[in-house]
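Below are structures written as structure tokens.
Below are two complexes that have subunit A in common, paired first with subunit B and then with subunit C.
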Partner chain A sequence: MFLVPRLRTLPAFLLSLFAVVLLAGPVSAQGHEDAQDVVHEEELDALHHSADGFYLDFTPGPKVQLPRIFVVRGEDGGLGFKFFGSTTAAVESGEFVAGAAHGEDPEAHGAPDDHGEAASTESAEAHADPLEAGIVPAHGEIVADLSFTRHTIFMMLAALMLLIIFLPLGAKYRKGIGRTSAPKGRLQNAMEALVIYVREEIAKPTMGDKYAKYMPYLLSAFFFILFGNLLGLFPFGATMTSNIAVTAVLAGFTFVVTQFAGTKDYWGHIFNPPGVPFLVKFIMVPIEFLGIFTKPFALAIRLFANMTAGHLVILSLIGLIFSFGQIFGDAVGWGTSLAAVPMTVFVYCLELLIAFIQAYVFTILSALFIGMAAAEHEHHGHDDHHDQTAHEKAVQVSSGMSTDGNGQIYHEPEKTVGTEAVLALAPA
Partner chain B sequence: MTLLVASSLLSPHFGLIFWTLIVFAILLFVLGKYAWGPMVGALDEREKTIEESLTRAESALEEARKMQEDNEAARRDAERQAQSILRDARDASDQLRTEEVEKTKAQLAQMQEQARADIEREKTQALTALRSEVASLAIGAAGKILDENLDDDRQRKLVDSFLDDLPQN
Partner chain C sequence: MDPASLGYLGAGLGAGLVALGAGLGIGRLAASALEGAARQPEASGDLRTTMIIAAALIEGVALFGLVICIILATA
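Showing the complex of A and B:
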């Protein structure tokens, strides 16, 4: 009964839930050790937990296997779809055998009885867990593995939540609530605040007048990443944004939008940089051309690395409990948890902040790249050095410079994640 | 082993790329059409409405202030006018009264003068009439005296008593 009032405040609820899980984790693991006394079972592999997998992990509950979908080229050379309800079903059908997938070393997820011989897959296959080691077709080869993974599920869950939240909101606005009247309800107010934030703090400063055209992309990216980040903070959740595949696709979208937004001036700056001596152009053009690709690449890596790192820190802190417990005994393990759990809660709160910051950073950088590409300006004369164009301003802003309105350039302090956090937290 | 697991973190799974591509493209389309479009449109419209109504309110306020100023000025003007009219009226009435008094005084004086003149004239007339009467009486008396041959003393006494009998004026 006393939980009911607590449920009303979502953050408090989340934290308490997380704390419960955190506290329950070590207890169950400790109990596990007493029962089985197997050291390997105790190991908490942070990297493995951050990685993707073909199952939903409800430890200490069951693992729920996800369906496997393959495009397979048979031995006769024909393409075919293969669908199985689970990895186990695929192996049991006899069409697939456990083994290394796509050139991955079978040792990668090494069971203790691995022989360490990369070539002798047959011996490894017999023992390896197909869920961890991957599966290969008994005959023919996999052309494309379209199987659902944990991150796929959470990616779709994030998308589904976006649809569930924003489609009714859109209908509400269409009906006139929030159009001619004030927004109604907490959800609409909260989401509207975020939407306005994206428009006022992200789109308008970076794109100027052209912002409206790119709002749908920026909003979709912002909320998709935000929801993906937040879902990873739930118990049994996984962070889809800590997967390079997801971030790469998102960065790819930014790349495509940027190229389509590109004006004549944008391409002109890349392939014929103005105001540059002829010979220097031979150096500048390849650099500018590479820049087209390095920007989204950096986007993908930044999001992936940030989201992975946070979870690795949390898992490592929890792992400390087990490491100390293993080395110095149970009592020390319990003692360590006294320090490790508060630290984990702190990092968890930090993660909550980072979930917002990284969604913000990805979106504002995307907006900046698109805005730079979409900027139009007059051609450079000999005497218009002081007349700064939107493009030049955007370039300067992106490189930490700014102008004071009279065309005078001054340096802004370099923005780091720390200042980003401060900026994000600062009241607008 | 750690290194190899880490490499699995960095090797993208094709299926995930495929599904993310599809899901995000759908998301972009559906949300763009049915959520972001109406939302951003509504926000723009609302902002425009608010801005417009603010501008309208401001202009209305300005108008009201101007109207109030006009009213105030008109009121002050009317007051001034009323005061001046009042003053004029008071002045006029004062003047009128003074004039009236002067006129009355003049009239009175005139009437007095006239009365005095009348009296004077009447008196002169009366005296003249009296003298002529006295003369004729004297002549009559003289005739009678002459008839009776009175002596000198008697004559004198007679005339004197006659003169004494005459009224002084």
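Showing the complex of A and C:
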């Protein structure tokens, strides 16, 4: 059962790799030709689609622009708030002009070494669409851009969904439904299963007795990331977790919680590793110190990379149709779609799986880091006597006997017998 | 040769090597964990947790390599 999807993943993976390579070639080549051509063909820009933006894209419907909020430093040096209903309104007010605010993809329009020329053509093009190129104030400079973006909207949506789903559920438990009786209704049953999964499979094994204190954070992180991932799979949706800023803030929370959970032992292991020769400490301490920061850093990058990659693979597979169609003619394009569309559906299902897996991985790693920081290493000496090898245990279990940790032998009839135990029992 | 294009070449090669290394590492890890779970099904829960943690650490190293590639490609 496990092997079948794995075998299928390989061709999908190879094909998607292939697709990325094939798409990258024609699209970049086409980009250079387009710069000379007057007629602009519509490009499928995979990176752009998964990136953030100042509008909600309901293609083929309208683009809904989001409010823009700026903190602007005027030419006289005074700070001021600017609020506009949309990007278009900001440009129409005359206070802002379209332009490359943060040079989103300079290499799409020209080689990176002729920045001057590229920038000028870009701003000329940008006049057509301030939504894509960004806007800069006509006078003064932007201190902070507090505008709503697609990802902010979906972040708020995920947070709102958490509130709508879990506040009533929490009230239910407070009343006793689910505590003194069975959970009522589909929603409560579904959510309780997930919550209990987080508690039993993530929090308890990694944090031991102290799990209860960190459950609220772990559950919030798990469901927020899960909802964020899943919202990105809806039509017209955007994946807020494919934004490095969002994942970095989430990882930052884990970082802060970890530091506050840190015990004396945690800091001791970092700044004065026990049982290490004095000179080695000069190597160990910087490494351990860096380790504090690399853990959440990897956490942020992992979530970001996984969520971005899935969307890029889907877009590459779709783009394959158009690449082939353009190179070999329309008929081949239509033919490719017969293979590419089912493959996309497959990758989509894989993404559904990844949405759950990444939420799980983020939560378990957070729990692990917090648990490691919160652990007290006081019982170094006294757990020696229940240090049995797996083999010894297996032999005892297979003969129906087991020790309860204090050396006392008791009978334990129902237990799965490992292969080793069977081998040990078999007559030589 | 243009230094920028050499940078792109390096980034691309680096990303490939990173993927290769991480893939090998996680593949071996998963194979061993699967073998262990097949040998002792009752330990599969613990094995899964340990496997995910180790996989995350391997992935972490791979991600650092990837970040360097991204920096190479965008700088």
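What we mean here is this: the second predicted complex is superposed on the first by the 312 of 428 C-alpha atoms of A that agree within 3 Å, B and C clash if a C-alpha of one lies under 4 Å from a C-alpha of the other, contacts with A are read in each partner's own complex, and residues count from 1 in each chain.
Following the convention adopted for this analysis, a residue touches a chain if its C-beta (ideal position, glycine included) is under 8 Å from a C-beta of that chain, and two chains touch if they have at least 3 such contacts.
This structure is a prediction, so every number in the text was calculated from the model and none was measured.
**Q** Tell me which touches more residues of subunit A here: subunit C or subunit B.
**A** B
**Q** If you stack the two complexes on chain A, which partner ends up touching A:245: first (subunit B), second (subunit C), both, or neither?
**A** A:245 sits against subunit B, while subunit C stays out of touch.
**Q** First (subunit B), second (subunit C), both or neither: which does A:294 touch?
**A** second
**Q** With both complexes superposed on chain A, which partner does A:145 reach: first (subunit B), second (subunit C), both or neither?
**A** first
**Q** One more residue to check, A:174. First (subunit B), second (subunit C), both or neither?
**A** Touch status of A:174: first partner only.
**Q** Looking at A:52, would you say it contacts subunit B, subunit C, both, or neither? Reply first, second, both or neither.
**A** Only subunit B is touched by A:52; subunit C is not.
**Q** Taking the superposition on A as described, I'd like to know which of subunit B and subunit C A:365 touches: first, second, both or neither.
**A** In the superposition, A:365 contacts subunit C only.
**Q** Taking the touch rule as given, give the residues of subunit A at its contact with subunit B in the complex, in rising order.
**A** 45, 47-48, 50-52, 69, 102, 104-105, 107-110, 144-149, 151-152, 155-156, 159, 162-163, 166-167, 169-171, 173-174, 178-180, 192, 195-196, 199, 212, 215-217, 219-220, 224, 240, 243-246, 248-250, 252-253, 308
**Q** Can you name the residues of subunit C that touch subunit A in the complex?
**A** Its residues touching subunit A are 2, 4, 39-43, 45-46, 49, 52-53, 56, 59-60, 63-64, 66-67.
**Q** Taking the touch rule as given, give the residues of subunit A at its contact with subunit C in the complex, in rising order.
**A** Going through subunit A, the ones touching subunit C are 111-113, 201, 205-206, 294-295, 298, 301-302, 305, 361, 364-365, 368, 390, 394, 415-416, 418-420.
**Q** What does subunit B use to touch subunit A in their complex?
**A** 1-2, 4-21, 23-24, 26-28, 30-32, 34-43, 45-46, 49
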